[in-house]
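First chain A sits with chain B, and in the next complex the same chain sits with chain C.
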Partner chain A sequence: MFIAPAALGFVVFFLYPALRGFYFSLTQYNLLGTPQWIGFANFAEIPHDPLFWNSLKVTVEYVVLNIGFQTVIAVLLAVLMQRLTTSTLVRGALLLPWLISNVIAALTWFWLLDYQIGLVNQFLSWLGVDRIAFFADNFWAIPTIAMVNIWRNMGYTALLVFAGLQTIPRYVYEAAAIDGCSEWRAFWRITLPLLRPVLAMVLVLTVTGSFQVFDTVAVTTKGGPVNITRVIQFYIYQKAFADGQFGYASALSVVLFVILAVLAALQLRLLRAGESDLA
Partner chain B sequence: MPTLSRRELLGLASASALAVTLAACGNGSSTGSSGATGDAAIDTSKASGEVTYWLWDNNQQPAYQKVADNFHAANPGITVKITQYGWNDYWTNITNGFVAGTAPDVFTNHLSMYPQFVSQNQLVPLDATLAKDGVKTDVFQKGLADLWVGPDGHRYGLPKDFDTISIFYNKALVSAAGVKDADLQSLTWNPTDGGTYEKMIAHLTIDVNGVRGDQPGFDKSKVKVYGLGLDGGSGGAYGQTQWSMYTGTTGWTFTDKNPWGTHYNYDKPEFQNTMAWMRSLIAKGYMPSLQAVTGTASADLFGAGKYAMITNGSWMIKQMFSYKGVQTGLAPTPTGPSGKRSSMFNGLADSIWVGSKNKPAAAKWVEYLGSAAAQDVIGQAGVVFPAIPSGTQAAQAAFKAAGVDVTSFLMQVNDGTTFLFPITEHATQIGNIMQPAVDAVFTGQSPANSLTSANQQVNALFTS
Partner chain C sequence: MSTVSLQQPLVRAPRRRRVRWGRGLAWAVMILFLVLTLFPFLWIIRTALSTTRSLPSAPSDLLPVDFTWGAFARVLGLSSRAQAIAQGGSGASVNFWLYLRNSAVYATGVTIGQVFFSSMAAYAFARLRWRGRNLVFAIFLGALLVPPIFTQLPNFILIKNMGLLNTLPGMILPTFFMTPFAVFFMRQFMLGINHEIEESAALDGAGPWRTFFRIILPLSSAPATTLAILIFITTWNDYFWPLLVGNTGSTRVLTVALGVFESQTPSGSPDWAGLMAATLVAAAPVLILFIAFARKIIDSIGYSGGK
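Moving on to the complex of A and B:
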C-alpha cells in the first residue's frame, strides 16, 4: 500500500506514455490524423537513414567528450573539496553554474563565443590568433557544446562524488598514512576503489543525461550548419514536431531507449555497482 | 522578432493521412480532424462574445490593440483578446492548440504554414461568408488575395500585409569607400561575374589592414567589414532574404506553377549557378561564411558595423533604422540578366480556426481586419505594409515621417517585379531537405550541382 502514490505516478507519467510511445512507433501518425498501423516498417527504415547514423555519430562524439572531461574534472573537484576546504562558500560556488538554466547558459556562451562580435573571439584576435567559429566549425562545434555542458554540470557531478567521498571512513586513510602511503597512491588505491559504487551511479546518470542532450543544441545551432550538430534527441524532435512523422520519431525514441538501457546495464555490471569493497 | 527564424518552418507536415481508424486505439485528442466544415456561410449579424486573436510580431501588437479597441467601439458586443508569442513558440502553440482544442479563434497565418493547415482541415473556408457580407477580395495589392485560395478553390485567409526585399546599407561605411548613395541605386548583377554589384561588394569589403577587397594584398582571412552580409544562414529552400532576389532575375522559378505547384526546379542551371556565385562571394571573403553567421542575428551584426550592405525584408525596417550611431540607407536589389529587378512577394493573412467556439464573432473580426479602416491604422503605425493600397500609402507616409524612404521596397510592387512566395504542399519536409543541402554548397562541402539530387528528393514527395 505504501508504494501506491509512487506506483500511481509511475503508471500515469511513465508506463502509460512509454507504452503509448511504443505503440506509436508501430504506426504512421501525424498528430492531427489517426495513427495507422504499419508494423515494424519504421524500424526497418532506420538502418537505411543516413541522418540517423549521422545523429548517432554526433551524439556519441558529444557523450565521449562530455562524460570523459566531466567525470575527471568532477572527481578532481570533489577530492579538492574534501581535502582542501571546508568553506561552504567555496563549495557552493562550484555548484553555481548548475543553478543557471540550461537555456541561459547555452545562450550566454553562444553570445560569448560568437564568431564576429563574441568576447572570446575578440580576445583571440587581440592575441593574434585566428577567430574560431566555435558553434559552427566542423571540428569545434560538438566540443564547444560539450564544453558548455561540462561547465554547467561539473559542480553538480562533483557534489555527487563528494557525497560518495564522505562515505569513505577516515580510519582507512589514517591506516594508510601510518603505513607511509602517499596522497597520490592513496587516491588510486583507496579513494577510487571505495568510490566505485557511487561512480557507477554517477556515470549511469550522467551518460543517460548526456545522450539526451537537446536544449543546448535547440537554442543555439539547431542541428546545423549542414548536419554537424544534429544530435539524436534533436533529430527525433525535428521528425516529430517539424516533419510531423510521429510514428518514425517514436521508433527512433525506442531505439534510443534500448541503447541507453543496454549502456546502463553494461556500466552497472562492469563496475559491480551492487557491491562495495568496504565490507 | 528574431529575423532568422522568420523563415524557419515549424509545425506539422501535410501528410495526407488515410483515415484508417484503429478501434482499439482511439485518437487521444479532443478535437481530432473532424473533416472539412464545408463552405456554409457564417451568420455574422448577431455576433457577440469574446474572440481570441494571436500574432507573433510584438512590434505590431500596439497597433492591433488599437484596431481591436476601434472594433469593440463599433461592435460593443464583441471583445477581442490579443495574445502575442515569439515566432518559434507561435507555431508550436498553434499546432498543439489544434490538437488540444485551445487554438485561438483567429490567428495571423503565414504562407509557408497554411497549405498544411488546409490539408489537415484546420481552417474555416471564408468565401460564402465574405460573399454574404459583401466583403470584396479585390481591394488588396495585386496577387495577394490569390495566395490564400487553397487547392480546393476555397479562400482560407484575408490578406493583412506584405513584404518585399531591399538592400540596407551602412552610410558611414559606404561613404568611407568613396561611394555615393546614388551609385547603389542602379547596380546590375549576373551569376557569372556578379556584374557591377559584385564590384561594389568587393570595394566595400575591407580587411583589418585597411585593404579593400578589390585591391592587391587583400587578406580574406582577416576581414573587418564584409561588403555584403548574410542573413542568418544559407536561406535553405527559399532564400527569401539571401538569394531569391537574384534567382528571380534569371527567369528561374521555384516551381512549375504557383500557387500549388507540384514540381520544384532546384536542378536548373540558373538556380545552381546563383548558388555557386553565392559560394564564390564567401570564398573571396566578400561575404561571411555560414560558420561566421551562426550566432548573433544579422541585424545586430549590421548594427555593429560588420556589414556595409545586407539584403533583408521590409519587416526589418524599424529595427535596421534603430541602431544608435548607425546611419542606415536603402537601395533596391540589383537588376539581373532579365534586365529587371526581382523580389519575393510574401504576404500574411488572418484565418479562422475550424475549432473556434465563436465563429460568428471570429468572422466579423476577420472581415474588419481586412478592411481599409483597420489596415490604415496598422499602416499609420509604420511597421509593415498593409495589403490594402490606402494602408500601404499610410505606412509609406508614416515611414517618411520617421525619416525612412521606403521607395526601394514599394518600387518592386509598382514595377511588377515581384514574384509570389512558392506555395506547395510538404513545405516543412522540403525545408528539412534543402536546408542541409544548400548549407553544404555555401560551406563549399558540396558543389552546386549536388542540389540536383536534393531536388529529386523534394520532387519525390509529390509522387508518393
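Moving on to the complex of A and C:
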C-alpha cells in the first residue's frame, strides 16, 4: 500500500505523541523516573502560576507588535510590487531574509544593535540621542525581538499577499477607473475587501507562528532581563528541560494548543474567511 | 494556479502629473524597504572581513576594518590558536566542518524521505480509490493545526526511549515519513493529472506501482523539486528540534552551534568577525540553492500560501 510509510510515520510521530502529550499533561514527570499520574493537578496549578501569566502577557505583546506591523508592511509591499514591478529580482531581494535561519537573523541584529559598537547605536549617538540597550532594556526588549522577526518575515508575508492580489480580476479596477475612482479609494474600497479571504488565511498562519516564537529569544535574551522576554514557548522549554517538570510543561503546551485553536477559529469567523465578496 | 501578470497601472488617476508624483513616492518607499532588507547582509559581509580587535576603533565604517580573511580561516579551522587569539577569536576549536556535515545530513535525510513517502501517500489520496480515504485524509490535515511543540515534547521522550537521543537518525526520523503539509502539497498537484494517461497504462497491464513510478512520479517532478527545496531550507534552518535531541558535540547542527559559538567568548565581547563569518558559511548552501532556483521558490510561495 502506498499510504503505508506515511501512515506509519503519522501514527508513530504525530498521532501517538499527540495522545501521549495529553497523558503527560496529567502526570508528574521529571524525565528520569516514570510518570506519576496526578490527574488535573497541573491544570489546576496553571492559573495560580504568575510566571505563566507573565509569559502569556509577554507573548501577546510580542504577537501584537509583530503581526500588527508585519501585516501592514506586507500589504504595502504587495501593493507596491503589483503596481511598480513584477521583477523577480525585487521579489527575490525581499525574500532573502526569510531564507536565512531565525538564529542567523537574531545574531545579525544582536550585532547591529550592540550597545557599545553596534551600528544602530553609533547612529543614535551621532544623532545626539542616548544609546539604547535594545535586548537588555525593559521597554525595548520585546519590541526589538518583534522587529527582528518583522525584518525576517515581511518579504515572505508580502509575497503571500501578492499572490492574493493576483486573484482580483482587472475588470473590477477598470470599471472603478471609468467611474472616476482614485487609486487611494480603489485600495480601500476594492483591494482590501476583495483581499479579505486571503488576508484571513495569512493572519491565521502568521499569528499561529508568531505565538510560537522561540529561536530569537533563545539565542539573544534567554528570557531576560528577569522575565521580560520569557515568551510562552521558552517557558515551556525551560519547565520541561531545565526545571525537570515535564508533566507541567506538557500541560502548558495543551493550554497553548487550545489558545491557538480558539484564536484561529475566531479569526476565521470574524474575517468571514470562507466567503468572498467577489461573484 | 492562475497567475495573471499585471504590469500596467490598473487605475489611471485623472491627471498625469499626480501619477508621476505618486509613482515617485511609491518607488521611494519600495527602495527604502529594499535597503532595510538588504543592508544587514552587507553588514554581515563587512564584519566578516574585518579584524575583531579593530572593530571598536571604527564601528560605523562601511568598509571592512583592518581587512582580513582571518575570520573565515578561524571558522573553518584553518588558522592556529595563536593567530585566532591575536585577531580577537576565542582560540577554542569550533568544529565547524562537523556541524556543516550534520546540517547537510539532517536536511538531506529529511528531504529525501519526506518527498518520496509523502508523494506515495499523495498518490494514494489523489488517484487511488479505497475505503476510508477521505476520513484518513481529514485526519492527516487535522495535524496541520497542532502546534509543533505539542508533539515535539512527547517525541523527545519517544526518541529517548528508542535510544536515539543525540543521533542523526533520531533527529531525522519524525519528519522522514511525512508531514501533513508535504502530503497536501503533492496531492493538490496530482489531483490535476489527466485520468486518461493512467487508464491507458492500466490497459497496457501496468499495476499501481508501475503507474506510480513510470507515470505519476515523472509527471510530478516539477512540484516535487519545489517541495524538496522548501523542505531542505526549512530543515536546514530548524533550531528547536535539533536543540532538543541533538545538542551535544557530535550531532550539533549549524543553527545550534551558532548559538553556542556566540556565548563561547572569554572576554565578554563576542568575536563578531568570526560570528558573522560563521553565519555566512552557515547560510551559504541555502543562498546558493536560492540563486539556482529563485523563480521556483518565489512562485511556490504564492502557491502554498494562497491556497
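List of remarks:
Convention: the second predicted complex is superposed on the first by the 266 of 279 C-alpha atoms of A that agree within 3 Å, B and C clash if a C-alpha of one lies under 4 Å from a C-alpha of the other, contacts with A are read in each partner's own complex, and residues count from 1 in each chain.
To be clear about the criterion, a residue touches a chain if its C-beta (ideal position, glycine included) is under 8 Å from a C-beta of that chain, and two chains touch if they have at least 3 such contacts.
Here the structure is a predicted model, which is why all the values come from computation and not from measurement.
When the two structures are aligned on the shared chain, A:Thr34 is found in touch with chain B, with no touch to chain C. Contacts of A:Leu8 after superposition: chain C is touched, whereas chain B is not reached.
Using the contact criterion defined above for the overlaid structures, shared-chain residue A:Ala242 touches chain B, although it does not reach chain C. In the superposition on chain A, contact of A:Gln116 is made with both chain B and chain C. By the touch criterion defined above, A:Asp277 reaches neither chain B nor chain C. Set against each other, chain B and chain C differ in how many residues of chain A they touch, and the higher count belongs to C.
Look at A:Ala261: by the touch rule set out above, it reaches chain C but stays clear of chain B. Judged by the touch definition given at the top, the superposed model places A:Asp130 against chain B, while chain C stays out of reach. The residues of chain A shared by its contacts with chain B and with chain C are 31, 110-111, 114, 116-118, 241. The part of chain A that touches chain B in the complex is made up of residues 23, 28, 30-37, 110-111, 113-118, 130, 133, 135-137, 221-222, 224-227, 238, 241-245.
By the touch rule above, chain A contacts chain C in their complex via residues 1-3, 5-10, 12-18, 20-21, 24, 31, 73, 76-77, 80-86, 88, 90-97, 99-104, 107-112, 114, 116-119, 122-123, 126, 151, 154-156, 159-160, 162-164, 166-167, 169-170, 173-174, 176-177, 180-183, 186, 198, 201-202, 205, 208, 211-212, 214-215, 218-219, 233, 236, 240-241, 246, 249-250, 253-254, 256-257, 260-261, 264.
Those residues of chain B lying in contact with chain A across their complex are 8-15, 17-22, 25, 27, 29, 32-33, 92, 95, 98-99, 116, 120, 122, 221, 233, 288-296, 300-301, 304, 306, 428-429, 431-432, 435-436, 439-440, 442-443, 445. The touching residues of chain C, counted against chain A in their complex, run 2-7, 9-14, 22-23, 26-27, 29-30, 33-34, 36-38, 40-41, 43-44, 47, 55-56, 59-60, 117-118, 120-121, 123-125, 128, 136, 139-140, 143, 145-158, 173-178, 180, 183, 208, 212, 233, 236-240, 243-244, 255, 258-259, 262, 269, 272, 275-276, 279, 282-283, 286-287, 290, 294-295, 297-298, 301-303, 305-307.
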